[in-house]
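In the two assemblies presented below, chain A is common to both, partnered first by chain B and then by chain C.
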Partner chain A sequence: MKLKIRDALEGLAFSTPAFLLLFFVLFFPFVYVIYISFFTKYFGYEAVFSGLRNYIEIAKDPLFYYSLYISTLYTSISVVLKLILGLAFAMLLSQEFRGRSVVRAIAVIPWGIPLFVVAALFFWFFDYNLGLANIILKALFGVKIFWLGPDYVIPSIIYVNVWKGIPFFMVNFLGALQTVPKSLYEAAEIDGANAWHRFRYITVPGIKYVMLIVCLLSTIWTFGEFDTIFFLTRGGPGYITHIIPIYIYFQAFSRFDIGMAAAVSVLTVPIFLALISVILWALRR
Partner chain B sequence: MSEEPKKVDRRSFLYVGLGAVALVAIGAAAYVAMNPPVVTQTVTTAVPTTSVVTTTTATTVTTATTKTTATTITTTTGVGRPKMQILYMSTYAPALNDWLTARTLEWAAKRGVDVELSTASYMEIQPKILTGVETGNPPDVAFGAGGLAALLAEDPKARHLAPLDDVYKEIGADDVIPIVKRWYTMDGKPYAIDLFLFVDVVHLIKSFANEVGRKPEELVTWDDYIEFAREVKKRHPDMYPIGHTLGKCFDGTETWYQHWWPLGGEMLTDRKSTAVKFDSPESREALQRIVNLYNEGLISPQMLQPDEMLNNNAYLTKTAAFIIEGPTPFYAAVTRNPALAADTVLLPPPTDRKGMFTYGSKEALVAFSESKNVDLAKDLLIYIFKDKNAYYNMIKSGFYAAYPIFNSVQEKLAKEDPVWKDYIKVQPTIYDYTYPLNEPCKGMDEVSSKFLVADLFSMTLIDKKDVDTAVKTVADQIKDIIKRTYGQ
Partner chain C sequence: MRKGRSAFIKRVIIYLSALIILVWTILPLYWMIVTAFRPEKEIYEGLIFPRQFSISSIMAIFGLGEEHITVGSTLTSYMINSIYISLIVMAISTLLGMLGGYALARMRFPGKDILSSLSLFAYVFPTVVIMVPIFFIFSMWKLVNTPTGLILALLSHALPYTLWMLRGFFQTIPLDIEEAAFIDGCSRLKTIFKIVFPLSTPGIVATATYAFILAWNNVLFPLILISRTDLQVISIGILNYMKADFVPWDRLMAASFIATLPPTLLFFAIQKYIVAGLTAGAVKR
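And then the complex of A and B:
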């Protein structure tokens, strides 16, 4: 069918606002970040072109590599735990039992709590003297732990992330589980498949696309998470929890150098692209 | 049988869209027509837990109590009045915040100015100010910018702060204590003024001193305090008697200065890397002492967390026998735990061979040169400071938390209160992170914002590096920053 000019103009008129919005909200800031990363730009000062100096300085900074390592460790352990526990809870809550709706509703609560509030809750939960975690530990085993101290801070922040993130996995898995035909399980049982076989060959293939998308989203969110860790540990003790977003924050607001902060942000883009590519590749398979 | 989906033709779509826009416009016009320009103050909060008070008259003083989250107070009024953006940091002593807010709104009502007053926690204030400056839209007045004054005014080519020499003149420059003027004077003009200082003092819990048979007034030197802590530890093996913060945060850096200065430690004497004095025997001695105190179990491992509240909480829960801090924890005790306040004695900081040194946390008000309302901003600052009686009342409401910047107010307080009398005596010993330069220094603002000196604790206590390596590493970092900032 031949496209009339009027139709084309109308189409353009309708799509232009959305295009402009995307340009200014997504594309322009992204390009600007890349541009400014080649400058030394202190807050309130003129930008001075410095070529690759910011990138070279970052490449020489051992803290950057540590931040990358700790971000990757934090993200991978958190996502794997959320995947396992989210799936376990979803399977549990997909069973018929009395009060299932209430339990499902309660289980979603952590996901609905704002990050700032979660951080505040756990700040006190982990407090050495007053925290509930140590009160329980002391009552059961007669010991107390410095939860946010050097030895336990990484498991503690992972715990908080997993606690907050499980419902997202669970809800998505619950939905996906409803789509797996019951007849498959019945047929498998008749054929003598045990519980593991049913899980491995029916449940997992049945929900694998949802699993991949949920893992992709969670990986991106967890890798870029700032609020909870900043509030709980501010990257410490020392630099133990100095994840990439905190590294960027300190470049901007302690070194006062937007150019450096932008350069670190640019360097994280390939990591995100790699993650997305892996997931998309898996989805195509 | 499937039903054909209803189609909406483009013409109808456009008509409906235009109709909606027209309705909104008519509604807005009607709203404006029905609401004549009456002064109303509305309070919006960023977080539901923040408590606020709303008032609806121009003359009523409005108070906003904030915890650590942001609050915005907007006065919406008639057409043609100037409108000012004001950004204040919320402190741990709400009475001080309330006074500043009330004073500002009172001024706004008297001058017929609309103000949008936002507050931010001490962690948020610097990023908010910097972002405003960078986007060319700074607030007209900000409180909590002490650590940014040099960054925003030291370089004449990037001077974002308005000079306040006329403000100082109006409020009586001679009455302002010398260190405040020195901290903010660039090219002969002051660019900021502290509302007050948070000046470190010892919060000693008397019952612990009594328990080990010590009189508080006998505790003077660091040796006295360390011995006292050991005695408390003997009686309470599970306790960590010294409430020192060791994390990468403001209080962590203050811990360093409290030990380092009295031993003779110095940061820099000029704005060049060769003038950085950090790599010194005094630095090694101070760090070794703190490492020993930690290893002896006199300081809690929890204190390695970067959090300003940790030492406050240690005092408030009596899990430390003493802390050294600007007296906001004492304010909290007076207002929430009077029994603890009664069991507390505030003492000057411990001394060592170079005498007494006191850390003064800068709590500055600034006006921005990009502001369209610079004159009004200065007028507000004058209004805040000029009435010395009102200022005196604000200081009193802080229960020692706020250290006055006026000699006259200090003298008045010293005459009526023996605690203030002793507290005022420390005035000549107040310094900040630029000691002994004691002048605005953008490079040192970066060193301070990065909490670099607190890295000494994490390097030795977490990474188990030796004292010498830690001092050398931090000294090199400080030199690099000064060199990068000043090119020499």
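And then the complex of A and C:
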């Protein structure tokens, strides 16, 4: 009994500094954002309790629905593309061929590059007059497009997100593919299973938990990611790329409406909580 | 004959796909590097391949060399601030993460499981949710426009990561080793500091490195917490270039190149540990 108490005290002594700090910089702000979402509060003014007013305001704001729609669209298309291309890259790079390790090393590079650099990179790459994308299009097809203009901006930001995100999928899939026993493929081949069947009934079940975790993590990070779109378009042109994180930012730092910004933040929490809970469940499997 | 032919076609498909992966990944990077290392005048000629090599753009972001056509402030102080802030975040998050991570991995104390899950939740959760309260609370605590405020805010992201990762690394140290040391008369503290931590050095170094990268790559916290240019970090320096009416493309790309080097090189050094960390549980089966 004495030892148990000592154990508990030691454990608490070791973990207290970390969690005390997290209490102030994470837990307290988290509770505070819920609290302040029930107040009408502007920068420099007193907070006035207003119950559910902010939530009602949001429910009446067409821009909120548009932001939710565009966030969902952007996230789901990006994640699906990253899943497909990441798996394709991984399956190619698990084949044996000369120069494979070089291709593998280069294909991982986007993962290591900071998001703000990725944004700057594509800002220049997509430039109408001087960007490489249009120089190539001009040379090949004789056309130039406004990559970040109203017509093409959504495909363009998805392109940026997919370019940056593929290696995360690819590397995790490469690891997972190695754990699928080779003998299964050989046995299936003897039984006359074709390539699609081998993929469908051996590869996919073999890596399904990794696929689940990677997709969920990517969904959370894509949905919550602010950096690239803020740098590339600031939510524009107009409101076309006004994803939820941009909506929160402008409510707080352009309209100075803290209460509204807090309420939107709170509304996103259940989405993230649900996704993370599934990840925890999958990690325990 | 037939078999040889289909094998040949397979080879061709593999090499073609590998080529596509390379071009897809390299194009935007190529454009950054070419722009960073050509004379400023050449940028406006719209040529895919550079004619002249020049480091005058790289020099210019540090305020060295001749005058340039477009205006843009020098980034020396931004760079120094980034290094300084990221190193402190790395040191604090690693130290607290080692103690807390060990407690979560090995010690028995009330609330341990909740705190473990909490650190994963906290790491995965998009920081955009606490953006508003962090700004608001830090204004009350007079932490806006101070390095301390930025460091604390960055810790809210880095510390959960180090806790979760180090917990994982410490769990992989065989319990027998610790018990053997214990039986030989080593005290608990001595076992931890003389045996567990030294044995986990690769994991600790990798985690610390990634904490540095997380701090370096962050955009949101310096954006909302710092408005004084002398305290600002490199990510915002790049944003300022992008916001200019006449974007100084040469220096934007030179700065992007320089700002990419530390995190990308570090990332490659520790990549295998990072991948093992997050999905370890799922990849094993």
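Keep in mind that, in the parts below, the second predicted complex is superposed on the first by the 246 of 285 C-alpha atoms of A that agree within 3 Å, B and C clash if a C-alpha of one lies under 4 Å from a C-alpha of the other, contacts with A are read in each partner's own complex, and residues count from 1 in each chain.
The working rule: a contact is a pair of C-beta atoms (placed from the backbone, for glycine too) under 8 Å apart; a residue touches a chain by one contact, two chains touch by 3 or more.
Everything numeric here is computed off the predicted structure, so don't read it as measured data.
J.: Just to be sure I read the superposition right, which of the two partners does A:Leu137 touch: chain B = first, chain C = second, or both, or neither?
T.: So A:Leu137 meets neither chain B nor chain C here.
J.: Is chain A touched at more residues by chain B or by chain C?
T.: Of chain B and chain C, the partner in contact with more residues of chain A is C.
J.: In the superposed arrangement, which partner chain does A:Phe256 touch: chain B (first), chain C (second), both, or neither?
T.: Only chain B is touched by A:Phe256; chain C is not.
J.: After the superposition on A, what does A:Leu68 contact: first (chain B), second (chain C), both or neither?
T.: Neither partner.
J.: Tell me which partner A:Val278 touches in the superposition: chain B (first), chain C (second), both or neither.
T.: neither
J.: Is A:Leu177 in contact with chain B, with chain C, with both, or with neither (first, second, both, neither)?
T.: After superposing on A, A:Leu177 lies clear of both chain B and chain C.
J.: Quick check on the superposed pair: does A:Pro150 touch chain B, chain C, both, or neither? Answer first, second, both or neither.
T.: first
J.: Would you check which partner chain A:Ile202 touches, where first means chain B only, second means chain C only, and both and neither mean what they say?
T.: neither
J.: On the A-aligned overlay, A:Ala193 touches which partner chain: chain B = first, chain C = second, or both, or neither?
T.: Neither: A:Ala193 stays clear of chain B and chain C.
J.: Considering only the touch criterion stated at the top, classify A:Ile77 as touching first (chain B), second (chain C), both, or neither.
T.: Neither chain B nor chain C is touched by A:Ile77.
J.: Can you list the residues of chain A that meet both chain B and chain C?
T.: After superposing on chain A, chain A residues 10, 116, 127, 129-130, 252-253, 258 contact both chain B and chain C.
J.: Any idea which chain A residues touch chain B in the complex?
T.: Result: residues 10, 42-46, 116, 127-130, 146, 148-150, 233-240, 250, 252-256, 258 of chain A touch chain B.
J.: Sort out for me which residues of chain B touch chain A in the complex.
T.: Counting only chain B, the residues touching chain A are 10, 47, 69, 126-127, 130, 133-134, 151-152, 155, 157-158, 160, 247-249, 300-302, 304-307, 313-314, 317, 319, 445-446, 449-451, 455, 457-459, 462-463.
J.: Across the complex, what residues on chain A touch chain C?
T.: Going through chain A, the ones touching chain C are 4, 7-12, 14-15, 17-19, 21-22, 24-26, 28-30, 32-33, 36, 88-89, 92, 95, 97, 99-100, 103, 106-117, 119-125, 127, 129-132, 135-136, 139, 163, 171-172, 175-176, 179, 209-210, 213-214, 217, 220-221, 223-227, 230-231, 244-245, 248-249, 252-253, 258, 261-262, 265, 268-269, 272-273, 276, 279-280, 282-285.
J.: Where on chain C does chain A make contact in their complex?
T.: Within the complex, chain C contacts chain A at residues 11, 14-15, 17-18, 21-22, 24-32, 35, 43-44, 46, 48, 96-97, 99-100, 102-104, 107-110, 112, 115, 117, 119-122, 124-137, 152-153, 155-156, 159-160, 163, 188, 213, 216-217, 219-220, 224, 235, 238-239, 241-242, 247, 249, 252-253, 255-256, 259-260, 263-264, 267-268, 271, 275-276, 278-279, 281-285.
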